[in-house]
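Got some structures for you, see below.
Both of the next two complexes hold subunit A, though its partner changes from subunit B to subunit C.
What follows is the complex of A and B.
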């Protein structure tokens, strides 16, 4: 069974291995086509100097038509960045992961977008409704329908 | 290494081709971007049955039809006034892709020969990039200059035969290895692959995975390729073949009517209402996407049925295992993963090119501001059914 998703991900992986990731982004785990981990650091001046976060991608067989489930890893002592769009359980409110996902995007493109989301952060704080959200949050962030009203990156 | 030079097998072993097979622009102007431009931005494969939307963006018919079933938007430019009715076949692109696929390995071989001539005995690191026919062992040998030199003496020899293209392949499988069929992706013993393809990808009796009805419809192993083809044509007359299948609004249809729609195309009528609808919906997509190819490139109805069946079994696996505890799926994917990653491995050994940042399409992102508007949606993901 060589699904479109497996073949697409194999190509993305081959490109990462041969071309490398953009600066500050590193692939740390890709043992299969269901779950990949990256580390993300913000380069240059930012509120996240010297912080390193781990980003998890989960893929289903509908990828890339269906978006990957992306969140920060918050186990094994890892922490989600403190950011107005990142919940303490690692879930991220970003339209590119929801209604603005497009199958022409790639895993690396998502990493770069989230890196720039952190880079442009002006104030380190959790989303206002963090506590309420994480109490009821589904395991899969794709099951949350975030509302994206803010057009700032 | 020779002996498996069958064209079909070449196709199979060239499974994981991508634009990185070609050197950077400075070394081979335009080739890498040409190889990219002829690929569908959704699946990253060469366009299969290319179609364009009104904005001019081009995709495989199957890819864009599947996508438009989830969202009315051009994946590339996000224009929203697009729909399936706008799809126009792009036979010129199809022709271009076929020609490029024919010349691709030849060009790679020319590049390889040219490179080794230029670089002489002291082969540069760049060489490895286009060297997609060397074995893994060779990647190790590259480290030692003596091994490299010995190797290059061979390649430097002006008697290098272009006709050898494709005969020296990576990880050449043995006759008793399972390899994925290039047509239907089913894993088949290498020694059986030609018979399998000649038989129109029919299974050699696989009672575990196929429902009896599917088996009946897809025929028994005793059937020959010829009878298969004839059977396909019986179902869809040549007049019908000229028209795309219309999309149905299933809401107004009784189960019986949906079953009739399926029977018309000699498809199974088993399963609950949602299964029936999903099956017919996917059949319309597969059928119409096939129609968007030039007649020479079209698959037989028989193979389309096979593809529908595979799609259905993938859907089942998908709904059974939620993404969070997808251990079965994970296990299934593991071997596939290893195969594909191994196929891609020689390209990874390219330390010379770790520098440039891959091109990332610019993306527009927005975030929520009004924190009271978050809605939890705990509904199960359902198959796409309108």
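What follows is the complex of A and C.
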């Protein structure tokens, strides 16, 4: 792993430890600079009242130039939120994780974006192609070419 | 230089100088001409490899749109203070000077052996002391530098060559250079008696042919050698004596300290032993060991309070006033109830020497005053502490006083017990007779009340039969009180 990505992640982790995460987001584990876990809750009125989801970040040596691989954890009884952009295997169809990723974004920024994505949801439903997608989905969501057709949801 | 990304900044850095991509202070900053954003050169070039956009505002961007950042920004980040990138090196300097430090002075940078031909790698700090077959050494015969491995070969050739002495012009092989230097007749010499004071200087040849035979110091060489021997013996002896004096001085210092603490602990008695010392015929051990002083010394020492006989007695007179003074002091105390006198006494110069005397004086004060206050008889019976006596003698005297005191207290206690028993018996008897009187009165009263009840016609036998007389009367009074209260 290149030292640039490690130093950048060390800096972000130090900021999380000193300033804390935004409300509803909590760091679960960050034992190394390859895989971090957060819990994410939607605060206030929403379809996901009292639900708590676990978000996994995987980093490669290209971070922050290349985006982290982000998905919801669906093992050990954990569930992905039912949302038109979240597949039942935890993969997320969000443009900032793909072609709109920018190296100026951070782990916490991604968490906040996904939190607001859930908060603005109008109807709890899986993506229309959910069954077809999860049959052939790669392990790493970054290998999927999503079509970001609906950015408003 | 790839290590440049690993700077450790000594101070906090202005957030405006941080690159948005690596979150570190700009390293070789470049600014976009299209949107004016600044990044590290490496960071933005890597990002452009990924996508032709500005990472901050996603405007289209190519490498051609980048130009070196403003010189103010460059100097701001170049002047940030960083640690040396070698973990073991404690050097800190401006970031722009670190490269220079690593290239030329950091002792923890690996460098090749400075000797040409050697391919060993070592830390710069160790290279100075590095010796190998390529290190240059100086030939003793011709003063040229040769590699260590070739010195032997060089010597074989070098030694055979002829050379000429600069002083006498003699030709010889280089191998004989050092032996010729010791025998050249033209080489400058000093007289061998220089250590004894001869100041002659000249050529070797002149020394042996002329000077030695005429040198006055040389003539005395026999005397000098004996003299030197004796001086040596004296010097040795002196060294031994010096060491002995030193050890004695340390011993004296230790003893002084011990004496000081002993004097502190002894308080006024310490001065007393000094008195013993001041008389030449009495040694300190005599005064300390024998509680019974020789009879001829006793009277003199016991008149301490008189300033004429012993000068130090004056100081102690304040502490240990004679009998009349104690009594007058008591009277004073009883009348005025103020005690400035003892404290002022303690301010006496003696206090600065014997600090313990303060508590000692107080203890004496506390012990002595109440005893004398209770009864004048006891006060006059107990003699004041005699500080002119030895410590052991005084302690012995005190112990005897305590024994006597405890015996008398025991007697007193027993006497008290007997008196108490007698008194109790007497009181018991009186109590019995009083009880009998009360009983008689009660009987009389009962009869009177019965008569009264018959006269008024109110018969309440229960009240009189079952109740204790005092209770019934109380109730009676109470009832009458309430009645009168309601009437009012």
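Here is the rule we go by: the second predicted complex is superposed on the first by the 150 of 153 C-alpha atoms of A that agree within 3 Å, B and C clash if a C-alpha of one lies under 4 Å from a C-alpha of the other, contacts with A are read in each partner's own complex, and residues count from 1 in each chain.
To be clear about the criterion, a residue touches a chain if its C-beta (ideal position, glycine included) is under 8 Å from a C-beta of that chain, and two chains touch if they have at least 3 such contacts.
None of the values given here were measured: they were computed from a predicted structure.
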Next item on the list: Have a look at subunit B and subunit C on subunit A after the superposition and call it: clash or fit.
Entry: clash
Check: Where does A:65 make contact in the superposed view: on subunit B (first), on subunit C (second), on both, or on neither?
Finding: both
Check: Who wins on subunit A residues touched, subunit B or subunit C?
Finding: B
Check: Can A:11 be said to touch subunit B (first), subunit C (second), both, or neither?
Finding: both
Notebook entry, point to check: Counting only touches as set out at the top, which of subunit B and subunit C does A:23 meet: first, second, both, neither?
Noted result: first
Check: If you stack the two complexes on chain A, which partner ends up touching A:102: first (subunit B), second (subunit C), both, or neither?
Finding: both
Check: Between subunit B (first) and subunit C (second), which, if any, makes contact with A:3: first, second, both or neither?
Finding: both
Checklist line | Partner chain(s) touched by A:122 [first = subunit B, second = subunit C, both, neither] | finding: neither
Checklist line | Colliding region between subunit C and subunit B, picked from 163-171, 217-225, 253-261 or 325-333 after the shared-chain fit | finding: 217-225
Next item on the list: Mind sorting out which residues of subunit A both subunit B and subunit C touch, each in its own complex?
Entry: 3-4, 7-8, 11-12, 64-66, 100, 102-104
Checklist line | Complex interface listing, subunit B residues touching subunit A | finding: 15-16, 18, 20, 41-45, 63, 66-67, 70, 73, 75-76, 78, 180, 185-187, 310, 313-314, 317-318, 322-324, 326, 329-330, 332-334, 336-337, 340-341, 343-344, 347-348, 350, 353-358, 360-361, 363-379, 381
Notebook entry, point to check: Which residues of subunit C touch subunit A in their complex?
Noted result: 5-6, 20-24, 43, 46-47, 49-51, 53, 55-56, 58
Notebook entry, point to check: In the complex formed with subunit B, which residues of subunit A make contact?
Noted result: 1-4, 6-8, 10-23, 31-35, 58, 60-62, 64-66, 69, 84-85, 93-96, 100, 102-106, 108-109, 112-113, 117, 127-129, 133, 136-140, 142-153
Check: How about subunit A: which of its residues touch subunit C in the complex?
Finding: 3-4, 7-8, 11-12, 64-66, 99-100, 102-104
